[in-house]
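Here the chain labels run A, B, C and D in written order, and each chain numbers its own residues starting at 1.
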């Protein structure tokens, strides 16, 4: 079943293929009266934009967003906001091989198995280009939650992790890896370069933190804040794992080690002595930073030939030429931030629906 | 926002508190004509039932399910199926301490912050007793997907993992830990016993595999099979992490290492040489086993006093007396299985909605 | 597709058959802290209860509601509220004829055509007994919208209409027809009695008005307040038409005749000089009374034999013995009120989700 | 709450304002492999297009649709279909009066009351221009239900009804009123002309019939086929009433008069002797023609001054200059047809989800 809408009251729907004329999103349920223009959205798209360093795909896309509805005289009207991004650099290459044989790790076989055929040009709907639409929608979501600051970074590439002793938020924008540790950024330059030159690819771990989420957002039980975040992050291309707070590490702890003790805080709200829970208890925010950790698999497009089969069931070998990200997790950083913003905007509105 | 429905066309809604008179689920959208009686549901509830060994809570609940609607002459009618389970052993203990002070790791503070007050008896709605309703609904879901075999087990407790060289599916039912490795089961006996006696608790990792899922179930993009599974598993009490296939391990691999190569299979469908992807590509099943890995944090109820605050903002210490599971992940096994069944039943129906 | 949930943020799900052991509703998304007990719900069920006069079915059902969850110490907790009503008077009659032949006007043939078989006892899921669950849920909805007063009445039976010159709201409770015009009530007594004795049945028109709805509830475009009300009313058994405000009469007017002119009001809000629009413009409430008009067809169960076919496709004649309402529209009054309350509660919460 | 998506598995979302740069729809959940191009959609838009006779608004809009996604090599891919229509003839007139004072019968006051401000240019989101997006989406829906033939017509204008003795389906396309009775068409010419010249407007009744709907589409209880149709039609601008089958007329009948008797049919399916029910029983199609009747109020834009208030609460008079339809119900015909198609496509897919 094709299902391209996310959210419950603050909802967005995306559309578009890698090599179609355009892609976009419709954001519905946005509160009225918020200041919004293309200039508020463009910086987030620029952050995600391909072709900005040699560590990302060389496809050149300006990713200029246009707002086609829902904004009047610089403010949201409360009606649906249509966001439109033209595709510009769909290279007219020969797709006959991809059309015929399934690229392992890609959606090729699964799409054909489901739909009977597929738009094979650049991955069609399964291309990570779709994430541009999410990032644009996420910028609208940020306008809904001005009280929240969202920050994501790459924690590890190809198993090489940052050292949190060297974490500097200010460093994240200073390198092409969204890396908060300058030492790791240095190492990754060599690592990613070497993978890129070898026609190989690398996985990555992205961490995202939202600060300023008040206690009380979320729900028991099937729209738990953690459940919504897991769905949101797992819907991103190439993501294979999601953790809230300590995640799998918590599974190795004892109850004493995992307890987030509380003391009376200055303002009446409790002060937490730890945040193993990642800012969520019982599916509801606690007022601590909401923290999610996301695993990106290595890009499936590689230059090493891999055994596969054709549509006709014949044995074949395939290698994926053309432009791609050697580490798709890097450009996942603005995408994870966008999904965090989209989930939190929806939860904020859901919260005030029920609580007032 | 309270949100207690899960699923898109095969949907279920649960209700009930730990110490209310009963709990239950309404399953809607179930196909008609399926053979169903209480006897088809009860074995799954029995598997999850508390009080069956010293390694789980000593609360005694028969968890006898009754079908109140939607079944006529032994077959589903296609109309909503109401499942009803009486609460029997709500011990009338003194909850004044829990009512006053927040138990760290529990939903106590978050619920109060959201709703202004809470049913504090046994955790109220946030109690894992709710999972009985899911397990009952899951049994209905299994009737919808007879082609699929679902099997879950505990992979690790307190960081002590099984050895897959000693994996025997038949062992899972032979010990109180749903442990497929008899050596690990032996070790866990001592481990959990010691935690229990110390009033401590342990986290666990549960793995669940679905065999027989045909290629094509799932969706691009916001109801991806992996996204739905992530939401489903993360909605279970105490779960803090979800992986599909290799999950976080894939983030440390190269593209070559992570590729699931294919060869022509006997029946026309490809034969995969590996399953790093956990049976899902592009959000859609590939026909391989669908594999999910779930992290349960240690039970938050422990006998060691922890610093906390009261509802009035005063400093306090709290320790959680009463009955509880020393390792809530163990009884998570039938719950994860149920969520897998519920997601797959929904996806099967969604698939045939769009594809026919 | 079976679909038994209504609402977007304030949602309810009903279950149960006419001759099953019980029926009920789960209300989810209700705000916390509202005073609620069985005593707040029972009066509405009593109003709808069968067997209270000779003008309704003689089935004797106490329709005692029990709240099984979501209320703690007399207040809603914000978690799902399970409402349970036992069926008591399912007469064990012989259903072999109904099982075999389709009653014209009933859901018999359509259910069989869809589901392949059906619970034929008393109409199964298609019985108007389901409306007891709605009425119970509606009582919860009323607690959400204390600012709104809802009043419904029967406007016509069998084509004999009240005279609005004789409209007295206080009369509605003084006769078994929910009739605001004492003269009409008199006439209906003879009319319905005669139909009842002849084994015939009569259609009816019900009008429902909600006073106190503030301007601003509703939505463009697919959850318009009028659209939601139309869906809500048309989901009631035997309803075949819905009008907002002047409805079909407006189709015969000119723009001048239909204009609801405005003058400055005492409190800043406009004072409307007419209410052709039924309190809704552009899908959003205007602050005027919200007015809906609902057509109930005559009860399909009649004692006159009608041509029909059997399940095996044979010609047959059928007449429906047993207990039934000679005019199902009469007991529709509390049901329409409940649906009005349920829609308005949902819209109130949706409004504050988006607007705050 | 802004809510601009309709449907459950076959869903569409519309966006756009009367005077924005464009409007459009995203259709999601469409089955793959259907032949679809702009040429399949354009005829329906042309049918609805303004400026084609003196009886509709003089706004000149080519309403050329572009498919921006979801179609590959002439066939639907199963992924979201983005439909885009540029606005061309947004006349740059002076809106200062409409910005300041509320036009009675329009959404002006309600939008302001809800959102605090509004896009007042040509009605903004509340303009009937939005229906172009529905009509485009409806054309996609038709491709999903090739077994169904949908036909709508105008039954009455300003209270002057056609005579069904003179009904000729072939006449519908022969006059600018979608009128099946040539005598009525003649009369309406004078009627509408006179209203147009007087700056007045007229209401209308539209009837829509779907032939070929198999028995079994629909649902108990809250997504009943009649309930979905009522919601769909009532979501159209200016609609104030919806009837299924005999509608309000049925409320004046006895059970004998209203019974749709059945006889054995040639093909095993029953042959119905009447269709008072409009092809729906118990919320599920019976195989008879599905028939809906829709009341359109007169266009609220009239040249006669009407009392109103300004945004500042001052008394004012307003008359609506500019281009508008003297009878908005006329162009409602293709819109009602589109909504019928959209509901039926959704119900067809929902049916096969549950039944297979």
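Operating definition for what follows: a residue touches a chain if its C-beta (ideal position, glycine included) is under 8 Å from a C-beta of that chain, and two chains touch if they have at least 3 such contacts.
Composition by chain, UniProt nomenclature: A, B, C, D = Chorismate synthase.
Everything numeric in this text was worked out from a predicted model, so none of it was measured.
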Most distant chain from chain B (Chorismate synthase), judged by the mean position of its C-alpha atoms: D
Contact-richer chain pair (by C-beta pairs counted) among B-D and A-B: A-B
Cα-centroid distance, chain A (Chorismate synthase) relative to chain B (Chorismate synthase), in whole angstrom: 26
Length of the line joining the C-alpha centres of chain B (Chorismate synthase) and chain C (Chorismate synthase), rounded to whole Å: 39
Chain B (Chorismate synthase) and chain D (Chorismate synthase), separation of their C-alpha mean positions in angstrom: 46
Residues of chain A (Chorismate synthase) engaged with two or more neighbouring chains: 1-5, 8-9, 14, 29-30, 32, 78-79, 114-115, 125, 220, 350, 353-355
Chain B (Chorismate synthase) residues touching chain C (Chorismate synthase) - in the complex, by the definition given at the top: 1-5, 9, 11, 13-17, 20-24, 26, 28-30, 32-33, 66, 68-70, 72, 75, 77-82, 114-119, 124-125
Residues on chain C (Chorismate synthase) engaged by chain D (Chorismate synthase) in the complex (per definition of touch): 1-6, 8, 14, 102, 104-111, 113-115, 125-126, 130, 156, 158-159, 195, 200-205, 215-224, 226-235, 239-248, 250-264, 268, 270, 273, 276-278, 280-287, 295-302, 304, 306-309, 313-315, 329, 347, 350-351, 353-355
Touching residues on chain A (Chorismate synthase), where the partner in the complex is chain C (Chorismate synthase): 8-9, 29-32, 78-79, 220, 349-350, 352-356
